[in-house]
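Both of the next two complexes hold chain A, though its partner changes from chain B to chain C.
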Partner chain A sequence: MKPILLQGHERSITQIKYNREGDLLFSVAKDTVANVWYSVNGERLGTYNGHTGAVWCVDCDWDTKNVLTGSADNSCRLWDCETGKQLALLHTNSAVRTCGFDFSGNIIMFSTDKQMGYQCYLNFFDLRDPQQIDDNQPYLSIPCSDYKITSAVWGPLGEFVIAGHENGEINQFSAKSGEILKKAKEHTKQINDIQTSVDLTMFISASKDNTAKLFDSTSLDHIKTFKTERPVNSAAISPIMDHVVMGGGQEAMEVTTTSTRIGKFEARFFHAAYEEEFGRVKGHFGPINCVAFHPDGKSYSSGGEDGYVRIHYFDPQYFDFELEA
Partner chain B sequence: MPSIEYDDSKPSWADQVEEEGDEGTLPSPKEIIKGNIKTIIDYKRDDDGKKIKIVRTFKIETRKASKAVARRKNWKKFGNSEFDAPGPNVATTTVSDDVFMTFISSKEDLNAQDQDEDPMNKLKGQKIVSCRICKGDHWTTRCPYKDTLGPMQKELAEQLGLSTGDKDKPAGSAEPEPAQPAQSKTGKYVPPSLRDGGTRRGESMQPNRRADDNATIRVTNLSEDTRETDLQELFRPFGSISRIYLAKDKNTGQSKVSVHPNNTKSCLLKEGIYYVHLDNILTLEKKCIMVQPSHPSPVHFIFLQGFAFISFHRREDAARAIAGVSGFGYDHLILNVEWAK
Partner chain C sequence: EFVEIPLQNDKQVQTSVSDLLDDILREKPQEADGIDSVVVVDNVPQVGPERLEKLKNVIHKIFSKFGKITTEFYPEADGMTKGYIFLEYAAPTQALEAVKNADGYKLDKQHTFRVNLFTDFDKYMNISDEWETPEKQPFKDFGNMRHWIEDSDCRDQYSVIYEAGERTAIFSNDAKEPITVEERARWTETYVRWSPKGTYLATFHQRGIALWGGEKFKQIQRFSHQGVSLIDFSPCERYVVTFSPLMDTKEDPQAIIIWDILTGQKKRGFHCESSAHWPIFKWSHDGKFFARMTQDTLSIYETPSMGLLDKKSLKISGIKDFSWSPGDNIIAFWVPEDKDIPARVTLMQMPSRQEIRVRNLFNVVDCKLHWQRNGDYLCVKVDRTPKGTQGVVTNFEIFRMREKQVPVDVVEMKESIIAFAWEPNGSKFAVLHGESPRINASFYHVKNNGKIELIKMFDKQQANSIFWSPQGQFMVLAGLRSMNGALAFVDTSDCTMMYIAEHYMASDVEWDPTGRYVVTSVSWWSHKVDNAYWLWTFQGRLLQKNNKDRFCQLLWRPRPPTLLSVDQIKMIKKDLKKYSKIFEQKDRLSQSKASKELVDKRRAMMEDYRRYRETALQIYQEQKSVRLELRGGVDTDELDSNVDDWEEETIEFFINEEIIPIGDL
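After this line comes the complex of A and B, so read on.
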């Protein structure tokens, strides 16, 4: 396969996300710009300009109308997807680490970092109520005093948010009451990424403890573990195959201090049921920070510490391949 | 003749033709659409001021998509891409080299790959591990002689500020073989001349090492003309000698002159090769070299001398040799003999 290389960022990529149909790919990086690309040919549709700090997270709603970004400039911004115009600006006390639209696209959540004397909050806004935006007053704000949230996604039916913490804990926060519905502590180190399966019944967590784990979204039951020998920065579940792709590598700060082995920067494919690795794709020359499957399962993208996003369309061999069990 | 009209900075008329007369401007980019193939020809100047022609071919594809997707495909570009032409902008989108998914089909492959990825395992398999102290097939930190030979080597190598390339030479002196350079541990290629070739006596020596060790003496302040036979003559009267190691310069075959700290005895500096890192030398006098150690400590005056290790079969013999030869004048120098620990 010939990957399409997207060079829209000057610094390392922090998150990439497809919209629901997968025709658009959003990418954010530690520079201030959020990019949106046509995934089919890598053409850049536009950029969302306005942030003044590293952008940590991006999300797009169900009908690709609005885009949400959270940044280290202590703000979370809502954009019009088509024109790139800023619709809302929500100031926070500390950097916004994760953000997301619920299934309806009406409720947004974002979490802030424990930083500069402020603790970590998980905030919920209802976009149908302009007063909340104008007053910058979330209808629900959950403080997380112990360990900050490092990754979060909406659970099924918009009832709760699944949040991964820096100590490896995974919690379900109710979007209505704010209470913790369920807890799981299967990881020993920070959760770097959480991504749901296409039907939201499962999610995969990527952790610094060198593993990625598959969980049931509702019960938080631990289903599968995928082991590597490097911190996992991101993991995604294939929508059509029983496959999982993982990206990782050394921590960026360690790259220069240890011997260079390019092999560690590969995207690694695991069979979801057998927990066995069956394939690798090279390409990035730094750790992979984020991976995402196209919703049709026929391509996947990865964003790396090297600042590039690569869109890979799978070869036919990928679909023919069967793991010898 | 066209060549006459062109000035000398032009490489050849062939290049000149491409420029179509006008020197300053680049031909404007062309875009040709032929069937479903679009060709874009671009001109650019590289760092040397030469013109580069870039030809890119695109395939135009029509795909069926859902209404929402099709509508989105016709959205106007915005933000930093506002003025981009339809189609991918080459500044932001490129097609990179072909990559293939490497399939791992069976467990064996997986394990092999894992092993291959772990440099430690690789070393284990290839028996590359070599102790810096005794050359054994184990890590330096696990060397049984670590406590005995280790500190001595450190003293010789570090304090003296010997250049890295040669510091193993005196270090290996406790053993018949000169120690391998440190980098051999990392699995790098080591030229045969640096391997444990020449002076190596084979693995059969190994079991005796511990015994030898107790009866080894160090002779310092040797003159560089000293040969092994001289030492044999000198020490044989005290008992049977199991081995003699004389630090030698591999180029001249003369005994190597090393520098020794805290030695107040003077010795003459002769012409020879002195393994002292140049950065460390402050002054060069006739009798000694003043060395500035790399770590903060007083300046040392150190004296140049050759040295040897002599192992007796019995410790008593070694003890008698120390008593007998220490302070003995040999050549023009006074020998210093002590336990090799």
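After this line comes the complex of A and C, so read on.
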């Protein structure tokens, strides 16, 4: 099936995310715009207007009621998903790099960059306590003095946040006490993206060190490594197959003026257990910044440096494909 | 003591007298020791008083070339000169010049001067009369230096420098994947070189070079040459020549040193006379001679004495370039036009210096010498500007070395030449000509009947380099660097393109010594990303892509010449079918072993993974109640857990777009 092309951004895509049921796809970009689309046909549902700087991150709660975005305009904003109304504006001292709702949808976390004399912080707000929002007072604020957080996701039950750092470290921060529960230093360079499996039991980390790695969410045990020759910008785990998809790691190709409609930058598919690459999908005209699987595993999306989001539905051969074992 | 020195702008500066006078003091004439500037000349004709004046004039004429003679002394006995004289120069450096240049000077048939420094006599006189037997050195056993040739699967080795030079590794080439033989950090400081027969690996260091070899790559020898930057081996692997751009003194030439590899001794040092291409010394194919070219001179030395052949260099006025035949002790050189004398190429036999062939060339702009690897042919590429024209045309003058009187055939080329290469052991050559983007590849065959036939021309090629297989017949036309790594694999037996491929931004192409494999690579030294080397078969089938962090250089280890006689090789070729069968069976076994290994590996990985997933899912199930609580009793474990919650919606799909012009409005 031909991919669906979403043209709603004028600058590079920074993150894309499906809601839990997969009918909606959110995209945010450097052009300050946050969009939401119907994933089935690519029709745009709407835009969340308000940010005045590049939007770095987006998340949607499990019930598809609220949307959270973080931006370089030093704010983290809460929105009503359906109406697009801005529900809360939390000012910060530096750019908000990563954000997310916990399993219950009641607690939000976001991290701020180390910038202009301000440290990197991991902040927690309880949405059930309006005072926190009104006073812009997180109930917990964890400073990260050494290497800033570059990507973070919630653990399976809202007890901790799994954060990836500039230097390749991965830490589990308790959402109650703020202490570091577990550490893992498997990557040698910056973590660009962390995404959980659909059941949250494991996550995949994409790193500038040309690899992506699979970890157990609770124990932080390193399970698998997927190697490429270039930095990996984003990785995701298939909900129904033993596959992972990666974006950003591509070999340089001759970009001639004759290649018009199909770009040469590829998303790469690896077998999760064998760690072997088995397929590539071309299409983007620039590096791929973000990939995501649809929760039903029958399609995936990618957002690129070229400002496009592409939704790909898999052919039947994809589900039948097997490596000899 | 200080003085005040008035300056132009009336400022005054104080300086010490000694500072001022230092410059002048340095030039103060030194009281000469005297004896350092004295030379002794032997084998001077013994003459009586009537011929003494004439003798002195002759001597003076010869020896004042090297400096100012301040004193001369002609000892006499019984009314005749004794046959040796003393000359004093104004400075020791001049005396040295005299020794260097006049020693061995042939005055006439009976008198060849021997010139020495007076101080040398002292030195040699003081050598002890007692003979001290040199201490016996313990025998250093380096093991089997040819160990790598005995690999049962006939794998060739190659060296790889990566991590920007931090790591050097030696691999054994297996079609499946490289097998690491040795890997060391900081093994070399710049790059490595193999000796011509593959016995040694040379590494570079600030203090000199080291040679490694044997099964474990132990250090065989070390040569101390501060700041060494270039080396060259003699083809026989007996000698190695090192070059360092650092200072050397007039008395002790240090720029270029020739070493004996087995003993580690420094055999001779040379100055670097002029800037030239390395190697400055060119070796004859058997290592018996080495030669270099300086202004109007060709100096040929012989081994093992390291002395000038016939004690003098050849004066060849205007000599521009020379090279040895790779198969015989013949030197080819060319000189440009000189007034009325046309330019010419000369073939000279060594050591007899007999001119085998001379070829006159007219209106020459430049020449390049290309020998076929066995010395069967010499191609002289001649760039000429024909009379009455402005442009430059190129001819190839093909010398047939194996035929009587070395006949020469000419091939005229209409376009400018980009590359030329002989088939290593055959009689074909390939030429890349034209100008980008219209580059053509032409293949010629030098036939026995005196003709040179153009077999085929491929036009519009993306190529700037030619790489023949060392065994001949096959070759790769490559467009390296700016041509983005275009590759064409050609079979010249029928001039067909076997395969066209690309290794984007490839900077190098290297054939293995057997001609079975080709490596293309992207070196970090020329391109900072995608550094890797790819392995292909000679037919252009890609076998491996090996990415290496900051990969710099790959060099195949050369093989020593075969021990088989021509007849033995003929026999093997006759029985090739029999051998092929055995090898194919071996290959199939190893292939299925590989797939079996891979399959087993995958099975094990899957089992581990399944086990992990089972444990994780078990914990997941146990946590269900917590999940329900967190989401207010809503079960979200499966996508279809809440069918009641579903809504029906109608959605539109974009099918087609049609633009219908409404006409003029």
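Here is the rule we use: the second predicted complex is superposed on the first by the 308 of 325 C-alpha atoms of A that agree within 3 Å, B and C clash if a C-alpha of one lies under 4 Å from a C-alpha of the other, contacts with A are read in each partner's own complex, and residues count from 1 in each chain.
One rule holds for everything that comes next: a residue touches a chain if its C-beta (ideal position, glycine included) is under 8 Å from a C-beta of that chain, and two chains touch if they have at least 3 such contacts.
Not measured: the values here are computed from a predicted model.
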So, after the overlay on chain A, do chain B and chain C clash or fit? They clash
Figure out whether A:K176 sits in contact with chain B (first) or chain C (second), or with both, or with neither. neither
Let me test your reading of the model: by the given contact rule, A:L5 touches which partner, first (chain B), second (chain C), both or neither?
first
Quick one: is A:V33 in contact with chain B, with chain C, with both, or with neither? Answer first, second, both or neither. first
Considering only the touch criterion stated at the top, classify A:F321 as touching first (chain B), second (chain C), both, or neither. first
Item to complete: Please indicate which partner A:E43 is in contact with in the superposed arrangement: first for chain B, second for chain C, both, or neither.
Response: both
Is A:H91 touching anything from chain B or chain C once the two structures are fitted on A? First, second, both or neither. neither
Between chain B (first) and chain C (second), which, if any, makes contact with A:D216: first, second, both or neither?
-> second
Q) In the superposed arrangement, which partner chain does A:K185 touch: chain B (first), chain C (second), both, or neither? A) neither
Comparing chain B and chain C in the superposed model, the one touching more of chain A is B
Both partners, chain B and chain C, contact chain A at residues 21, 38, 40-43, 63, 229, 323-324
So, in the complex, the side of chain B touching chain A is made of residues 63, 65-66, 68-69, 72-73, 75-82, 84, 87-89, 91-107, 110, 114, 117-119
In the complex, chain C touches chain A at residues 484, 502, 504-505, 529-530, 532, 547, 595, 598-599, 602-603, 605-606, 608-610, 612, 616-617, 619-620, 623, 626-627, 630-631, 634, 636-637, 639, 651-654
As the complex stands, chain A meets chain B at residues 1-8, 21, 23-24, 33, 37-38, 40-49, 63-64, 82-84, 229, 259, 261, 263-264, 269, 276-283, 310, 312, 314-315, 317-318, 321, 323-324
Per the touch rule, the chain A residues reaching chain C in their complex are 20-22, 38, 40-43, 62-63, 103-105, 156-158, 199, 201-202, 216, 218, 223-224, 229-230, 242, 251-254, 272-275, 295-296, 323-325
